[in-house]
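Same chain, two partners: subunit A is paired with subunit B first, then with subunit C.
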Partner chain A sequence: MRALANFYREREPAILGGGFILSLILAWQSVPSLVSLPQGISLFFTTPVEVIKAFHQLVVQNQIQSHFYVSAVEFIVGLALAILVGLPLGLVMGRSKILDAMLDPFVTAFNATPRLIFLPLLILWFGIGIWSKITIVFVGAVFPLLINTYEGVKNVDRVLVNVVRSFGANEWQTMKTVVLPNSVPYIVVGLRLAIGRALLGVVVGEFFAASRGLGYMIANAATNYKVDVVFVGVTIFMGLSLILTYFVKKLESRLSRWRPETAKNF
Partner chain B sequence: MVPCIQASDVTLTFRPKDREAVTAINGLTLEVARGEFVSIVGPSGCGKSTFLNVLLGLLKPDKGEIQLNGKRISGPGEERAMVFQEFGLLPWRTVLANVELGLELKGVAADTRRKRARGLIELVGLTAFENHYPHELSGGMKQRVGLARALVTEPEVLLMDEPFAALDAQTRDLMQTELLQIWDRAKKTVIFVTHSIEEAAYLSDRVVIMSARPGKVKEVLRIGLPRPREYEMRLSPGFNEIKSRIWSTLKEELVTRIGGDGAQR
Partner chain C sequence: MALRDRYYEHQRPILGTVSVIGFFLLWEWLLTSVVTVDPFFLTQPSKVAAAAKELFLGGAIWQDLAVSSKAFLWGFSAAVIVGIPTGVFMGWRRRAEYTLDPFFTALYASPLVALAPLLIIIFGVGLTGKVVLVFLLAVFPFIFNAFAGVKSTDRLLVNVVRSFGGKEKDIYWKVILPSILPYMVAGARIAIGRGIVGIIVGEFYAASEGIGFAISRFGDTYRLPEMFAAILVLMILAVVFTEGLRKLENVLAPWKIGQEAR
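Moving on, here comes the complex of A and B:
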């Protein structure tokens, strides 16, 4: 008894959180056996067990795997391109007045505009295959990365720049030893935003025009009233978002070992 | 003999974009001998730190020049190193990596610079803390790291910009004593900027008193106290006399500054 109480006390948040989700799922599962749903509603209703069955079937048919593969490629390639472009561009824009002045109107205009606006155009240009999705992921993710990196560079401590310059550091060494490490917390925030935008790009892009991918799977299932398949897709996206958030947090704490505890949650 | 540092008629004006130009130093002339310990005191905003930054090579004067061993200073160089007021430690680097910085930027091989850095960390008594990050250290320890970092490239001239201003009184006394010991052993030329008359008098061979902005040398005072300096000297009547002489010269400038500067602050 004592051991059980201790077991509970040590894991209280996990037990309460997990227990609540579990009871919600149970409640959901028991709805059809408690009340008889009118036909108009039961057509669009499903239960957790049916969702699991649908998931199992889709896995057996190798459908989930092939849709997931397409979405994953779009997400990873688009995000990788956004990092490759946004990060260096943010760094140089923060350090060079000329580039800042040249590119600032462009960046501000694009950042203020909802980037999904470009989707029809991108589909005209790149077709309904993965490249239109990669580009929409890219334009969604590149700006938060660029802007946050830029902010980080602008907030660099002048004294620290003077310290390395007093040791004869050139611009590249100043970047490497002070500007970049100083920007890391900002870059991580940018990455977190960028991941959200990238997922949004994948889903909406595939809703809009695609023949593969998890977003396409959801949209297509909804059109055919396959509510259980829709839930399979939604659950997968939820799971992916949770996993990605977890990895960003891991990355953040790894990169901020040097910071005082109080400053870490910003 | 050529003096170690020879500043002649150094003048520098800051021209901020949307504010009025400010002449920080105007016609500053000063000579410092090799191995000398010289303090600079003066009213706030008189250009003491600006002068150090010109010496360091981070700022270029509009007029005049500073020569080091007969050669004009045109940029940072390894004969000079600065100890910064708020320590200026890179917070994401450990003590060891902070001290290694100067050697790393010069491209010294990793094991050589590690060895040199460890030697200096030992000199300032922080061996047990070489893997700590700056936020885990006290103010006094941070400035010891700052000192070790400045010494690692074996500079001839040590520039110190109010290095002990952020420390509590006791730590400050302790650091002053340690600095004098290191200076005595390493035979560096030291230019030490401070607000504290007592600190200037206790540490220095000469104290330079600057005028209010735009700053130039108002008076140079030779401190006749014997070396090595002992803490007890601060309690002697002679020491008090030195302090009051510095103070009386400085006071005129403080009055000028408060009178003429009211509109700008």
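Moving on, here comes the complex of A and C:
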């Protein structure tokens, strides 16, 4: 009994947290056997076991794989473009006062607005192929990256910049040796936010203008009242964002481990 | 010389204004006298301004804004009413934190917008579906910011209230509530953005009125000036609200607080 109590006390957070999620799933599963659902509701109802069955079936039919492939391409290409544009622009804006002042109104306005409102326009411009989704992912992900890179550059230790300057470093060398390494933790935070926005772009973009992809799968299943397939899609998106966020958070804590104290206490 | 000093003093706002005005002028000039672009593909600022005037004077946009704001306000208020107590409870009770935190974190990190088609099919294309969507998206910033606010409450203040015979109720009202206030503003700023996403997606997906519906309908019918005008209105609203709250945040708590948006 003591051993059991000790076991519980040591792992209380995990047991309570995991137990809660498990019991929610169990409760969900047991709803149909406890109460008889009226016709109108049972149409929209599914159970976790049904969802797993639907998932299995979709995998066997090779459907998930093809939808997943399309969504993954949109996500990766859009995010890569966002990094390619957001990072250099953030660095330059952080270093140049004039460019900063000139671009700031645009960055602020676009960052405050959910970029999804541009979706109809992007569909008009790029059609319903893969490029409208890539651009919506791009405009979603580029601003968090740009702004966090900018913040990182702005928070660079002035002393370090002055030191390399005094030793005759030019702008490019200052950037390479001091500014960029110092902004890396900020950039990683930006990356974490950007991943969330990019996934949002993939999901919503595929809702409205696509014939393939996981978002399309969800929207299509919903119109056909295949609620279990909807939950398969939602679960995949949840799993993906949890996994990606987990890895970026790991990277974040790894990178920020060496930072503050060593920088301040020398 | 004096002019030069004045310029350096206000360099930022001057350059910002110049670049915004310059951007619109360049856009107008390029499309009128340099290149001719298919009007179904791109429009120009003067036409957008004319369309905006028409939308506002004709009253069409007010109707759409009213419909969208109604759904937004219901969902947002529900998020405040549910989110703040939940977050405070999680922050104050250790076991509640252990129990609820993994579940809520998973929901907060995942794109809940993916549920939109299902919600709209269940609740219909009217108000309810959008309200539920806005609530689902906006509640987590409130929960996690209230949680972080309680966690950062000064233990000393709590002990003082206790020592002077204060009850649990006094701790909540006199210590916790004031100290989570700035966090709530930060939460509201993030929640507004997510709430607008909910409205937009709900109305793109299935609606017969509302600002999101207006944007997608103008897009479908190739009425680009009207579409740009509606987008611009939404952008201005978003900037006013988020930047206003950011200012309020800086007033209430000049140090950086709160959880960033995910």
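A few comments on the model shown:
What we mean here is this: the second predicted complex is superposed on the first by the 243 of 266 C-alpha atoms of A that agree within 3 Å, B and C clash if a C-alpha of one lies under 4 Å from a C-alpha of the other, contacts with A are read in each partner's own complex, and residues count from 1 in each chain.
Assume contacts are C-beta pairs under 8 Å (C-beta built on N, C-alpha and C of every residue); 3 or more make two chains touch, one makes a residue touch a chain.
Please read all numbers here as calculations on a predicted model, not as lab measurements.
In the superposition on chain A, A:V178 makes contact with subunit B only, not with subunit C.
In the superposed pair of complexes, A:N162 makes contact with subunit B only, with no contact to subunit C. Of the two partners subunit B and subunit C, more subunit A residues are in touch with C. Contacts of A:A80 after superposition on the shared chain: neither subunit B nor subunit C is touched. After overlaying the two complexes on the shared chain, residue contacts for A:A101 are found with subunit C alone; subunit B is out of touch. Across the complex, subunit A is touched by residues 11-12, 14-20, 23, 40-41, 95, 98-103, 106, 109-111, 113-118, 120-122, 193, 196-197, 200-201, 204-205, 212, 215-216, 218-220, 222, 224, 227, 231, 234-235, 238-239, 241-243, 260-262 of subunit C. Listed in rising order, the residues of subunit A touching subunit B in the complex are 159-160, 162-169, 173, 177-178, 181-182, 184, 257-260. Considering their complex, residues 12-13, 16-21, 24, 44, 97-98, 100-106, 108-110, 112-114, 116-121, 123-125, 189, 192-193, 196, 199-200, 203-204, 207-208, 215, 218-219, 221-223, 225, 227, 230, 233-234, 237-238, 241-242, 245 of subunit A touch subunit C. Considering their complex, residues 53, 56-58, 75-78, 80-82, 84, 86, 88, 90-93, 101-102, 104-106, 133, 135, 153 of subunit B touch subunit A.
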